[in-house]
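Worksheet: the structure to be examined is printed underneath.
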Amino acid sequence: MTWLTNTLVLSINSHRFKLVWLGAFIIFLFILPLFSGDYLLYMVMQMAILCLLSYSVNLLLGYTGLLSFGQAGFYACGAYACGKVLLAGASLLPGIVIGVAVAAIAAIILGFFCVRHTAIYFAMLTLAFGMMIFSLTQKWVNFTGGDDGLIGIPRAALNFFYIFNIKMDTIPAYYYFVIAATLIAIYILYRILNSPLGLIFQGIRDSETRVSFVGISVRKSRLICFTIAGMYAGLGGALLAPLEQTITPSASHWINSTDPIIATLLGGMYNFSGPIVGSVIYFLLKDIIVRFTMNWMLILGIIIIILVLTFRGGVMGAFRAYLLPWLKSRLRQGA
Amino acid sequence: MKKLTGILSIALFLVFILTPAVNAADLPKVIKIGGQGITSGSKADYGHQMILGAQIAVEEINNSGGILGSKVEMKFMDSELKAAVATKNARYLVKDWGAHFLFGIDSSGISMALAAIMPQLDRILIICHGATHKLNEEAIYKKGLRNTFRMCVPTYQDGILPAMIFKDRPDIKTIASLAAAYSYGYDSWEMFEKTLKKYRPDIEVVAKAEAPFLHMDFTPQLNALMAAKPNLILATPWGGEGLMMLRQAILLGLFEQPWFKVWFQCMGGSIDMAEGLTPDVKAGKFHGKLWGTARYLWNWPDTPRNKAFVAKFRDKFGRFPNYSAANVYTAIYAFKQAVEQTKSLDTQKLIKALEGMKIQAPDGERWIRPEDHQACYTVPAGNYVYDKSVCPNAFLGNLVVVPWKKYFRNPPDYKLP
Amino acid sequence: MDEVILRSERLTKSFGKFIAIDNIDLKFKSGIITSIIGPNGAGKTTAINLLTGALHPDKGKVFFKDKDITSLTPDQSVKHGITRSFQIMNIFPMLTVLQNVELPLLSLLGKNLKWFYAVSRYRDVAEEAEKILRELSLWDKRNKVAGELSHGDQRALEMGMAIAPKPEMCFLDEPSSGTNPLERASILELIKRLAEEGSTTFVIIEHDMDVVFSLSDWTIVMNKGKVLAEGEPDEIRQNKEVVEIYLGEEV
Amino acid sequence: MDNFIFQALNGLSSAMFLWLVAAGLTVAFGVCGILNIAHGSLYMMGAYFAFTSFQILGLNFWLSIVFALIGVGIIGFLMERFFLRRIYAQPIEFQLILTFAFILVFDNLTKMIWGTMLIIPTMPSLFQGTIPIVGRPFPIYNLFIIGAGIGVAVGLWLIMERTWWGKKLRAAASEREMANAIGINIPALFTAAFVFAALLAAIGGALSTPIRVCDSGVGGAVIIPAFVVTVIGGLGSLKGAFVGALIIGVISSLCTLYIPFIELFILYLIMAVVLIIRPQGLFGGER
């Protein structure tokens, strides 16, 4: 037992051990298809996509102090754009890239208006824009297929000129693609958040006026942040389109924006790994509850209420605040 | 990256609980069938009725020795009326829970989405409520997504049948649409208008209105239609929305107007609507102008088989079976028949067996058309009456029976059997 | 050293019916410490807000080294060399002390759009931040979260953020408010030292007379949105009107 | 033109439902500072309670409204006292997510208690029939709704402007510290304000029963239009909520008549434009 706590505490505190854990986790993700069925892989992909969406939310919420209720709109932009491109017969990479690009453009245009506001006004404006995208996806029947959505999106092969051509029609093949894309995206976000730009985002969260009085344009920085967040949501959507092979307007409904917010709060919003942990737990929670009862909404609702009233720092926050000191004290006693 | 530690434990946990254990061998001890439908929100009764219908079928089959000796186990999930949820459910049911057969599904969009992924899942799906003609005409017939079948009448019922009935009514000269603002509503109206115009070029479309999902106040739409004084309104909003719409139409005095002759409520024969409409029908608020049809009617045909089914359903659940219940019931029996015929669970063999199958539903024989996997059977239309001696709820009476061959569209190279 | 670095012309600002700043002309000379005093509600903070771009005047103009900067936003005026601190503590409470001073340096050193490498990779930022923190005697506490510092340390940190962009002109809004006497003494010491060492012109808004008279070379007295008097501290001390409305209540 | 007038009048009656929901939302936000997404669920509970007492217990129309008020009042009290009170000081995201969780709970509970059957009680005979307006039949019940909505508006105005309690509420809304200083019991006042807001929702729900279906999805469906209304009128402004409801009710009604395809889009477009140009809303104070 002491050995276990010992290792745990060590691994938590030292940077090198953290890297070991991370490496183990990534290796685990990559060997998972060797011993698991398709549904587990499918679920991990769904989690990865929710995770991207949660990062998109948390970049705004936890790092820049803005609550967006419209990320589902950008998610849908990415999904529809990617779906359209793939339906036109393109290969996977252009689909994903164009999906992300369309989401980014939408985020720049809408963000221009949104970043002038904060707090509830920002939340309401993003809600309005998200729902405008929703009504477009529903009503622009010629382009979006209306309420039926885009159906039968092919999971096109991943080819890059004549260099490689990888078929994506099996679940494991697409799984590797999604996991790789997600890990790269998360790594890039990690770099961004530790870079000068990320420092500025966090400064804006703490004090907007102070940031403007050290010579940085708050609006411009917020717009950059909003655009990056839009791109992450768009990437999530773009990865979803070939996975589900169907995209319907409900992807852009505001209810869909609440999932990543809940996942983020669940994981802990001031913590880089919060969205990953939150997405995994939230997804499992929902998936498991749905299996056992038709009254999944009641149970999920109660869990969220308890969570908001007790662990506002989320799982990672609670881990840091309670479990970690406890482990340390155990270790000290042992020593 | 601070605390990625927790993730590994979660991942390990994930492996423990989710490593799948199932694969289809030929006729296992337990045959698993997975259903899904809408069981939350304002249309929850459709899914709920599916569960009831499926429960009866599963119980009957298990009590009479199962399918070739194998017990049947059912799991039913909430589709939330969202394609994303439904595809996820389908994947879970097949890949993880190990379902051998899928059934249910309420909306056109979800039907199309699932039809597209069924070949990958390598299972058969029998849709019991989603009605879009695009499913059988495009997805199955043209694109060849042959794992999907449909055990309910398509939108021909909602569009073509009323046209066949009302083309012979000389007092109907102007028509109007109150459409559910999605493909089911648009398709039904398009078929209705086209068919009616073919027989009666003199008929004029005077107004059109539409209402999205979750709409609650239909007075603006009704008002817009009433301004044009149509003789007939074809309405497609269903479930709770349909009910609100009709109540609001009564309040606006629509049914009192002498120029107004017929309200055709496409899925008006549904039990949830019948239950909700009872007080108004009883009070004569519709003046006999409310017509409707469904995808199965509990009071037609008046055969011992149908009566027995209805009686059993009422005994068990205290309600009348809706079409979603009857269709699910039939779908499960169709699957049973196919398995018994092929003595295997091989998807391709089952598809072959289902194509052209004749199955005894509570309302008589249904024939699954091999070209487009559409179950062909007749459902009449009627207008709402109330008769306490027959049923505590209002129901569709004065039924007009048009045989399906007269109003179903056919695949191009189709030959009647 | 007597040249005017910043001046305002007929500056007016009102909030609804309340006239906060009423048609004032201010002049700040370069190289000396100027203080602005006045009772609560005299318009001192509003004046600073107008001069630094946090607010824009209804009428009037602001010139910095004869350039019209009236309509600049705060971030632009920082780039022209004007910074400030705040009366109510305004630091980044969830960031570390080090990050608090790194942030102002990013814009100065043109690193604010760098997005890939960690902040610590930029040597110039790191060196400059270390210099400032050592000056503030906060180097040992650099990895603490700023919100957990003592009040006096937070004040010092805020000042450090104000001078980090190497401004030509720096407004300090009640730099010693809420501190205990000991902390106050060290902050005054710090201001004095910074003023002597650097090339920054300081303007201090103060409530505390001791601070004003011990620190400043020039004093401006404001009341009800107007300039009541200005002059060297000794002159002000003698000024009857000032003593009456302002000093009187404290002496 | 007749059509236009008639449709606008229709819009007015649907505006009143929006107003009743938005009014409670506004009181809760203005006084307690909480944006209650579950407010629509309180409306839904009001409808269910009214239905139960009217159809099942056989009480008359007015008594069933009272029954609904009592039931929802209790729910509102419990919600505020045991849950919301703990998160007033928290950032908005926690408030939104907590109240969102309440939508899930309420939706599921109603499904468990009342089942999935659709419920639409009979219209009380008092309100049956129509009266002609611009030569067309207009439902008496809709007129009654318009009257009730205006009545609630006038009543609210009287309470807020003329009573001591209303003054306390306004004081608490604008100057919390001051209110505390002059001896107002803030926690009790907040509870009272939230219950009051819940009652407004309950009235809306109860009045809706004869023309709208009670079902477990109503809560989520009414809240978003109510958000649109409160944002347009100005968060926390009752006058704004009233005018906002009229604008949205009438515009969406007219859009249904002339441009049905983009009705939803127009609503959100209006909301966005108001937020961009005048974020405090048409009647809101400074931000």
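For clarity, chains are labelled A, B, C and D in written order, and residue numbers in each chain start from 1.
The rule we apply is simple: a contact is a pair of C-beta atoms (placed from the backbone, for glycine too) under 8 Å apart; a residue touches a chain by one contact, two chains touch by 3 or more.
In this text, all values refer to a predicted model and were calculated from it rather than measured experimentally.
Q: Out of curiosity, which chains are bumping into both subunit B and subunit C?
A: A
Q: Between A-B and A-C, which chain pair is linked by more C-beta pairs in contact?
A: When the contacts at A-B and A-C are counted, A-B has more.
Q: Compute the distance, rounded to whole Å, between the mean C-alpha positions of subunit B and subunit D.
A: Spacing between the chain centres: roughly 35 Å.
Q: Could you work out how far the Cα centre of subunit C sits from that of subunit D, in whole Å?
A: Centre separation, subunit C to subunit D: 49 Å.
Q: Taking each chain's centre as the mean of its CA atoms, how far is subunit A from subunit C in angstrom?
A: 41
Q: Could you check subunit B for residues that touch two or more other chains and list them?
A: If we look for residues of subunit B contacting two or more partner chains, we find 39-40, 181, 212.
Q: At least two other chains touched by the same residue of subunit A: list those residues.
A: Residue numbers touching two or more other chains: 138, 296-297.
Q: Which positions in subunit D are in touch with at least two other chains?
A: Within subunit D, residues 107-108, 111, 220, 261, 264 contact more than one other chain.
Q: Pull out all the chain pairs that touch, please.
A: Every touching chain pair, ordered by label, is A-B, A-C, A-D, B-D.
Q: Would you tell me which residues of subunit B are touching subunit D in their complex?
A: 39-42, 44-45, 47-48, 181, 208-210, 212, 214, 216-217, 219-221, 223-224, 226-227, 239-241, 243-244, 247-248, 250-253, 256, 272-273, 275-276, 279-280, 283
Q: For subunit D, which residues are in contact with subunit B within the complex?
A: 3, 6-7, 10-11, 13-14, 17, 107-108, 111, 116-123, 129-130, 136-139, 141-142, 210-213, 215-218, 220-222, 252-254, 256-257, 260-261, 264
Q: Under the touch definition given earlier, write down the residues of subunit A that touch subunit C in their complex.
A: 191-192, 194-200, 202-203, 205-207, 209-218, 221, 224, 270
Q: What residues of subunit A sit close enough to touch subunit D in their complex?
A: 61, 67, 113, 116-117, 119-121, 123-125, 127-129, 131-132, 134-136, 138-139, 254-255, 258, 261-262, 265, 269, 295-298, 300-302, 304-305, 308-309, 312
Q: Provide the residue numbers of subunit C that touch subunit A in the complex, in ascending order.
A: 52, 54, 73-75, 78-79, 83-84, 86, 90-95, 99, 102-104, 106-108, 111-119, 122, 125, 161-162, 164-165
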